[in-house]
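Listed next: structures, encoded as structure tokens.
Two complexes follow with chain A in common, the first pairing it with chain B and the second with chain C.
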Partner chain A sequence: MSAAVTEPPASLAEDSPRGIDWSLVLRQITGIMRLELRRNLFSRRAFALYFLAFSPLPFFMLWAIMARREITYHEFDIEGPAQAVAGPFTFTFVLYVGSMLFLSALITFMSLYRTEILERSLHYYYLTPVRRWVLVVGKYCSALIASCTVFAVATAALFFLTCIPWGFGEMNRYLFSGPGLGNLVAYLGIAVLGCVGYGAVFLLVGLFFRNAIAPAALIWGWEAINFLLPPLLQKISVIHYLKALFPIPPSETFVAVITNPTSPWISVPGLLIFTALVLAFAGWRARHMEISYGGE
Partner chain B sequence: MAVYERSYKRYAGDLSPQWSRFSVLPRYVYQDIFRSKFFLAFLILSLIYPLVCGAVIYLRHNAEVLEAIDVRIAEIFAIDASFFSQLMFVQIWFAFFVALFIGPGLVSKDLANNGLPLYLSRPFSRAEYVMGKFSVLAILLSLITWVPGLVLYALQSGYAGLSWATSNARIALTIFLGSWVWITVVSLMALALSAWVKWRPVAGFLMFMILLGGGFFQVIVNGLFRTEWGDLANLMRDVWIIWLGLIGEPGPGTPVWAAWLAVLAFVCLCIYMLNRKIRAYEVVS
Partner chain C sequence: MAVEEKNAIVFDNVSKFYGEVLGINRVTLTFEPGITGLVGPNGSGKTTLMNLMTGLLHPTQGEIRVLGESPDHPERLFSRLGYCTQFDSFPAGMNGYQFIYSFLRVHGFTASEAKKLSWQALERVGLEGAAKRRVAGYSKGMRQRVRLAQAISHGPRVLVLDEPLNGLDPMARAEVIEVFQALAEAGCHLIISSHILHEVDMISDRVVLLSSGYVVAEGEIGGVRSETMEEHPIQVLIRCDKPSLVASRLFEQDHVVEATLHDDHGGLEVRTRDADRFYTLLGEVVLAEEVKIETVTVADADVRAVYEYLIGNEGEGR
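The block that comes next holds the complex of A and B.
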């Protein structure tokens, strides 16, 4: 089967002379998000998202049980939640963002368009009177909400499991009388910004490539060797900006090229501007896209 | 003879020998994949590092050239087990990416288009089908891993003499065996995932996930529990431990037998998955 659906004629696509009806656009985005959220959170596709987000949880549970036992017998060398968050949690979280969050963004955002093409259902969207950039924004927002929710819950769960071996009293003291709550918010922010940044990149890749494995491998390689790159090139990656937001800086490997960390005041707006640019580009790409199911 | 009188007749021509029937599959697959310029470029790129190593071996044994460029390369690069280990470490990454590009589409296309009955209705067994698909990857990955490794070993032996070759025969054996362990693991993984996941991109994604996820679990298990048994979750690490065991270099704390067991278990799982899916027909409930 082959179906070619192109942009509707200008007379249909253009809005009234008054310009874009933003309330209509908002309603359309909400409608698309409602449809897509169901797919992203409750379909078979969502299994990968849940698996990747929650896969470290059993290890942390086991660690918490073992730590609790060792604390009881005064054999544990980590003295409290603050040290545990600075040590095992931060060390794991860097990898968690670089591998699990990266992979889940890859599958969630890249499949927004690819799955529709493989299932031969994208033309249903394209036959509705919805601007294509509105569709891009709607799909992106739904995947973002799904992945942010799941990863925020998983990050919070990992954080609490790291603090729990010392008991609720100690954990409350760390959270509300110490830097704990601030740290938790920072880690949640990193997870959300990771989804925002990687999501935008993979949405764009999914629009450009039929087989996205090669670009995905290339992006992963680039992010993995980021610490070895010259300072200027380090800035062309998502992980560089995310690392700058860590409340407790993760330790670098002994061969890392040391650069000045980017200030959070630059990192956060920088990532958001980058995402907006990528989305604009994706919208432009979607506008000129022609579906050809025959090639799949 | 009238058309209505024609009925089924068994093929009376010559049959190709049983042992070589599997080679039909690679022949057609290669015609397909070598059309891709990207793949061809990647294959050439994967051979650059062995070429550089060859140049190093050449320079090390040609004193005049070294004097001309005033470099004491002999002091920089020693041609020993570490040199070949380094080479193979780079090459197994290239081999993985080649398998990642080709592997996911090998079986999935046949399954998605109900093509298996067409193969298996001929004098061609399921084992031969798997063997044929496996050989597609095995031949290509061999070209990237042990073939250049052994060529470089032969080059070094040619320069350094027979005594070097005999005293370092273990290196040649390790290049061959170690490469085949990786080729088997990667090829079977690609075929098994290709058979179970009919969508090529998803199968590729899963391959990527097994490697990347394995690395993640290795690090968190080792980091959280202060052990080295987490290495077993990472297939590439397992093969590396096997490699170090074969070549006689000190490896990390995980025993070599455990790495062998982990690899064997994974290979058995892949064969089981293939056995479940490679069938002439599928009963859909």
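The block that comes next holds the complex of A and C.
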């Protein structure tokens, strides 16, 4: 053991100007993401993310095998994949976003603070020279990268499994000579924006609630009845913005469009603004949070 | 702001309530560089005081300044402050090196700086050999040391340590105390809570005694002891060849309240309310009566005695 006193390197200037040093903030966010990405992708917590994202995969594989056996020669045209995407895929994807992605965001983003409070390790972050909003952003970004990556891969896999019964040739024609690629990008966009929106909401919920069940049920109910709400209240939800992005409008699901859907040019920035407001509130909450772990 | 305040930790009329439960009440304190021991029974407010100092808790009223900064600004405070808490928990799946390195990266250090600082900190607490082992497999003493390493890794000027000697074997304790003393000599503030009173006594320049959320006494041990002398006269043990004579001469003075001869007639125990006058008188008696003194020992001028006198039964069992 050495009793010598050492000075820290100069990269963290103690008497730095009072303004925000953005290069330092970027390094801090990178440092937070290094820690959090490992947890979000390779820990027990990640199991829920993988399970929920890929849980429809076996059913789609089964469906693909059965569909392949039933398809006749005459059905080998571009309409086959297009109809499958418009029908079973869109219907399932709506449910997928409303259940699997919703639940995954609930577990992943709510855990960002809750798990660390339960494990009594959040104070290590709170004892670093990091602004609380920087911590919120770092944790959010890491969970977002993990969720978006996994759900984008899963969405693409489900999409290809929907098209594959008609063979690679038809699938290629549908993708590159038809609306397929545009549709795929739209569904990927919905998955990513779903993670963005629900992620911010559940990060905030995790900063307020110990038990996830009640707030999760409330939010799920709010999202489900969104189309019944007055136009102003509809804007305070994630599904309101997502439903405008569906390339093929789902008509018989809980995102049924009763009012006129918002244009994607409004809904995407709308969702991003909604997310930014939720994150700003989360940052405020994180700043005023106390770490006592008592009664957890 | 006064220059002194920029080099001190200041509590100005700080209270903290947990709902209706009192944490600390109307605490006004100034911590100067050196080692300050926080002493008090369970629930006396030691950890609350430390958590307030480090911004983990927010005061219900009053103001706190750490080297001139508010704990509400972590970006300014924690490059200069390290806190080794009592929470014996760690982020899952990490080894000792990763634990320190990862949080140095969160501080904003570059990879090479973080690596260098991590190894320096591990070396200082004698854990470099176990650095690549999982923290979950560490003994209690090793976990304590790795948390200490994490707290000192960024070279803080203020080090807050909640029961830092818990779980350490005597050898490790001595080594860790050596680290504390080196940091104090380098001008750092060390705020140490401990229930091992003789060690607090040994390492602290000052003590703060807390009881039920109130500061009962603060200052250098000698000063605190002097303040209690009227109610609790100081106890001095003298081994000499003429105890009866010394006892009779000393007992003539009004500040000497008790003098008891030892059973072996080789010494006596004296209780006095004025230590300065007592020592002057003892010197005169020794010279006048040609008394051969073997030892003179103050039996109750340490933290333990002060603790017992001021806090008493509340701290029993500690």
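The working rule: the second predicted complex is superposed on the first by the 261 of 296 C-alpha atoms of A that agree within 3 Å, B and C clash if a C-alpha of one lies under 4 Å from a C-alpha of the other, contacts with A are read in each partner's own complex, and residues count from 1 in each chain.
Methods note: contacts are C-beta pairs under 8 Å (C-beta built on N, C-alpha and C of every residue); 3 or more make two chains touch, one makes a residue touch a chain.
Since we're looking at a predicted model, the values are computed, not measured.
Once chain A of one complex is fitted onto chain A of the other, the partner contacts of A:55 are limited to chain B, with no touch recorded for chain C. When the shared chain is aligned, chain B comes close enough to touch A:95, but chain C does not. Look at A:245: by the touch rule set out above, it reaches neither chain B nor chain C. With both structures placed on the common chain, the touch criterion links A:214 to chain B but leaves chain C unconnected. For chain A, the partner touching the most residues, choosing from chain B and chain C, is C. Of the two partner chains, chain C is the only one touched by A:31; chain B is not. Residue contacts after overlaying the shared chain place A:46 against neither chain B nor chain C. Looking at the shared chain after the overlay, A:164 reaches neither chain B nor chain C. Using the contact criterion defined above for the overlaid structures, shared-chain residue A:63 touches chain B, although it does not reach chain C.
In the superposed model, A:286 lies in contact with neither chain B nor chain C. Only residues 38, 97, 100-101, 104, 199-201, 204-205, 208-209, 212-213, 215-217, 219-221, 223-225 of chain B touch chain A when the two sit together in their complex.
Touching chain C in their complex are the following residues of chain A: 1-9, 11-12, 14, 18, 24, 27-28, 30-32, 34-35, 38-39, 43, 116, 119-121, 123-132, 287-288, 290-294. On the chain A side of its complex with chain B, the touching residues are 52, 55-56, 59-60, 62-63, 66, 88, 91-92, 95-96, 99-100, 102-103, 106-107, 110, 114, 118, 211-214, 216-217, 220.
Touching chain A in their complex are the following residues of chain C: 18, 51, 54-58, 72, 74-83, 85, 87, 89-93, 102-110, 113, 116-117, 120, 123-126, 150-151, 154-155, 172, 175-176, 178-179, 181-183, 185-186, 188.
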